[in-house]
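Each of the next two complexes has subunit A plus one more chain, namely subunit B in the first and subunit C in the second.
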Partner chain A sequence: MELFVNQVLAGVATGAIYACMALAVVMIYQAIDHLNFAQGEMAMFSTFISWQLMQWGVPYWGSFVLTVGFSFVAGIAIERLLFKPLAKAPILTNVAGFIALYAIINSVAGLIWDFTIKQYPTPFGSSPFLGSQLISTHQAGMIGLTILMLVLLFFFFRFTRVGLAMRAAASLPESARLVGINTSWMIALGWGMAAAIGSVAGMMIAPVVFLEPNMMLGVLIYGFAAAVLGGLTSPFGAVVGGFLVGVFENLVGTYIPGVGNELKLPIALALIITVLVVKPAGLFGRPIIKRV
Partner chain B sequence: MTAMLNVKDLRAYYGQVQALHGLSFSLNEGSLTTLLGANGAGKTTTLRAICNMVRSTGAIEFEGKPIGTRSTENVVRLGIAHVPQGRGTFTTMTVEENLQLGAITRTDKKAIVSDIERMYAHFPVLKQRYTQQAGTLSGGEQQMLAVARALMLRPRLMLLDEPSFGLAPLIVRDLFGILGKINREDKVTILVVEQNAQLALELADQAYVIETGRIVMAGNAKDIANNEDVRKSYLGY
Partner chain C sequence: MSAAEEVVTEGQAVEAVPKRAMTLGYGTSLVVLVALIITPLLVKNFIIFQMTMLLIYGLAVLALNILTGGSGQFSLGQSAFYAVGAYTSAILMEHANMNYALTLPIAGIICFGFGYLFGKPALRLSGVYLALATFALATAMPQLLKLGFFEHWTGGVQGLVVTKPDAPFGLPMSQDMWLYYFTLVITIGIYLASVNLLRSRSGRAFMAIRDNEIAASAMGVDVALYKTLAFGVSAGITGVAGGLGAIAVQFVAPDGYTITLAISLFLGMVVGGVGWLPGSIVGSAFIIFVPNIAEGISKGLSGAVFGVLLFLVIFLVPHGARQVAIVATQLFGKLKKN
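Take a look at the complex of A and B:
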């Protein structure tokens, strides 16, 4: 029983990271109807930026804030330079663009910081959380930060005018233009926010997986699984999906013999395919009510 | 009276296909004008060209300023509200959010709140349903919402694309009554595209008839309604 609770809590903690990645993926999917394969690499690069800042002597939270800001601007820049020109291109062209972005960011990170793994600090410490042996303060911090981010996003989309405009642009671009919304900039804003959310995920997972250019590969695949499970049209679903996938991954790894770390990725892929076959809209993908 | 909107030699294209062949017309400030024509005559294209939603050439001037090269959202920001065919309702959002979106370019928060109340007074049915998902409204209610959303811009000019489409005759009467009231009381210039020629001619003071991308008749709505050709082709008696 102790083992079970332990694994569930650990799953919730890594699930928080998957939730962030899924949220970033969903934000861009809502804006341009494509999955951003380079989301993980963008997060990895951001994490390296924060590491570099700390090497230069910037304190943790200072570099955290600077990195989130840098990622926001970089996300907008990527959209303006690479994906805005591709807006009307066929799907495959966009996919090629994402893969190119993936390869470029990965190689540039390797070029600047090389491929050896690096220690990455945690601001929360790694002692047992509240004296419990089940979960560390870092894991608790990851969960707390994710939930805080989610609440902020909820308020942003529900109660601010920019949030309302972004939702409108994502759901019906033509109608959005007809009320005077600059839909093109709303998409760029979505990219910026997705990059910023991803950077938080990167900085939170780096102490666990260690910092290196390929650190986000597995995380992103789990992020995709979470987004598909929760429903690609629902940011809330993405977060719930993230936590579910984290717990699922840990329990399967613990209780099903033969599934060690090596087979964890195929499980994520199996999950994606199962959801797409059984319930393509995902758990929370909203069926739109319509009356003619 | 001065011309608020001046359209000269408008040609519009869908890919290689030309849909408008040199259309010219003008709208007087404060007028209620209707654009009549059969299916495929180019009525919708004309409205879409004004808002730059279709590739076009020619000169379009609004209050003396050329607007042909502005993006759709920048045309709207000049005070031109467009109620598109199919209403363009944000179906997954609430009625109130739809109204908020209509005023998204405005910054006068207090006036927006009072304008929403004004819309509820114009269209009481919207008030009863303001927290409801807009997609659950009936066709007539959605058309009311589309008109209300457009008015939230506080437009100088309102373009309506077949507002009567798919609505029961009684509801169409209601809606047209409200349009007339908006035109008179709020001084909004209105251009309405219609297939329901009889009603449109009763409502409007000016009318244009369009056939295969060209204006074939223009004038006072009453004169057009009494024209024999129009009666035979569009009014059916």
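Take a look at the complex of A and C:
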């Protein structure tokens, strides 16, 4: 029993990483109906910016705020420059665009900061949390921050005019335009917010996986798995999905013999496929009905 | 959020390509064929090897083109089928001492089965979800190949070394050149078969599904059957390409078949023009040579140069090489008139 509780706790701790990333994935999916394959790289780049700011002597929270602001603006800029012209293009072209963006960001980050692994500080300290060896104060802080972001997002979408406009633009663009919503800018705003959330995710994840240009690859795949499990249309579902994937991965690794570390990834991926086949809208997503 | 269900009209995943626009005219085909036959006689062995790889990746891109351009389904998982084909050939050659030429049809059949079975669950998915599921398959494949359980056959992380075949009947050519012509014959065979497939009843069914699934089923097309069949055919051809790839490179290892390969093949298709079969070879040239060119322009920034080139292609020629070819034909036609 104790082993079980410990493994669940450890799973929740890693799950927090996936939940953070999944939140950003869902955010952009809400805005543009595409999965952004470059999301992880955008988050990585933001994290490097904050690291650079700290190297220049800016205190942690100062650089945190600056980075989130920078990411927001950069997200909007990327949308305006590169993806707005592709809005009407087939999905295929968009996917190719994301891959191109991925290659560019990864390579530029590698050139500026090179591929050596860097330590990244945590604002929460890394001592054991409430005397538990499995979950550190950093991980607890990360979970807290993820939940805080989720609550803020909930309030934003539920109670602000902009949030309402964004939801309208995402679900029925034509009608939204008719009532005077600038849908094109709502999409840009969605990119900005996704980039900002991604940057928070990056800064929270970096102390755990260490900072380097390829740090996000594995995390992004788990983030996708989490987002699909929870439902791509539900931010709440994405966070729950993140924790579930983390716990599931740990329990399977512990209790099913023969599943070592190397099989953890295929299991997360098998989970994606299973969920997609059994319940395509995810646990909390709305089923989408097509008009014929 | 709200429990209300959304009603959306789904955007088309792939643009419709008319059937006629899918192939080349006889004259142009002949010129390309002659060029492909003569060039190896004039160049060095290393370049012959690269040309062999060009044909092999061309086959793999062609396979993806049948799936995406033909039946309108996505795949970011072609590297998985490629890997299965490569391993099938390698294992049969090294453990069962089978002739390399005989291993290829077996690789094709095994991959056909694998693709057909994968197509079954994929039936329920479309667009971005299918991209994600196949992406998952491609990422998982190297890990599965490394498993200790299969190590006796696959060689685990180490992989397997494959012997390169000599030219038969005492023909006076180098191994590379023999393999090139061998690959060329197979490529032409598969290309012709694919063209015919797309012109046949099945091909029309693929395209009907691509353009409007519901209308297709109303017309009596068995959507589930043809969608899985498209997956199977595509995987089968990719498997043959994988087998040839294993023989040409003389080596198979899990890390040779990562998601990067799947993404390359996908990009090759976009660059070559989705649904334009001859474009496959152009796309294959893009994924083989452009990274080298990018490296030549700037070593540290090769990824960025590659990405920028890709963006240029997307913005300037969104239909890839097909668009270039159409413009070229029109220019040629005008010159003729004058």
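We take it that the second predicted complex is superposed on the first by the 285 of 292 C-alpha atoms of A that agree within 3 Å, B and C clash if a C-alpha of one lies under 4 Å from a C-alpha of the other, contacts with A are read in each partner's own complex, and residues count from 1 in each chain.
By definition in this document, a residue touches a chain if its C-beta (ideal position, glycine included) is under 8 Å from a C-beta of that chain, and two chains touch if they have at least 3 such contacts.
Since we're looking at a predicted model, the values are computed, not measured.
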>> Going by the contact rule set out at the top, does A:107 touch subunit B (first), subunit C (second), both, or neither?
In response: second
>> Under the stated touch criterion, which partner chain does A:93 make contact with: subunit B (first), subunit C (second), both, or neither?
In response: second
> Does the superposition put A:270 against subunit B (first), subunit C (second), both, or neither?
Replying inline: second
>> Contact-wise, after the overlay, does A:178 reach subunit B, subunit C, both or neither (first, second, both, neither)?
In response: first
> Given the touch rule stated above, what does A:1 touch, subunit B (first), subunit C (second), both, or neither?
Replying inline: neither
> What's your read, subunit B or subunit C touching more residues of subunit A?
Replying inline: C
> Is there a shared patch on subunit A that both subunit B and subunit C touch, and which residues make it up?
Replying inline: 167, 171-172, 286, 288-292
> Which bits of subunit C are touching subunit A when the two form their complex?
Replying inline: 1, 3-15, 68, 74, 76, 121, 124-125, 127-129, 131-133, 135-137, 139-140, 143-144, 146-147, 149, 214, 263, 266-267, 270, 274, 300-308, 310-311, 314-315, 318
>> Which stretch or stretches of subunit A touch subunit C in the complex?
In response: 33-35, 82, 85-86, 89-93, 95-97, 99-104, 106-108, 110-111, 157, 167, 171-172, 221, 224-225, 228, 233-234, 258, 262-263, 265-266, 269-270, 272-273, 276-277, 280, 286-292
> Can you list the residues on subunit B that touch subunit A in the complex?
Replying inline: 51, 53, 71-73, 76-77, 81-82, 84, 88-93, 97, 100-102, 104-105, 133, 135-139, 149, 153, 166
> Okay, in this complex, where on subunit A does subunit B touch?
Replying inline: 161, 164-165, 167-168, 171-172, 174-183, 286, 288-292
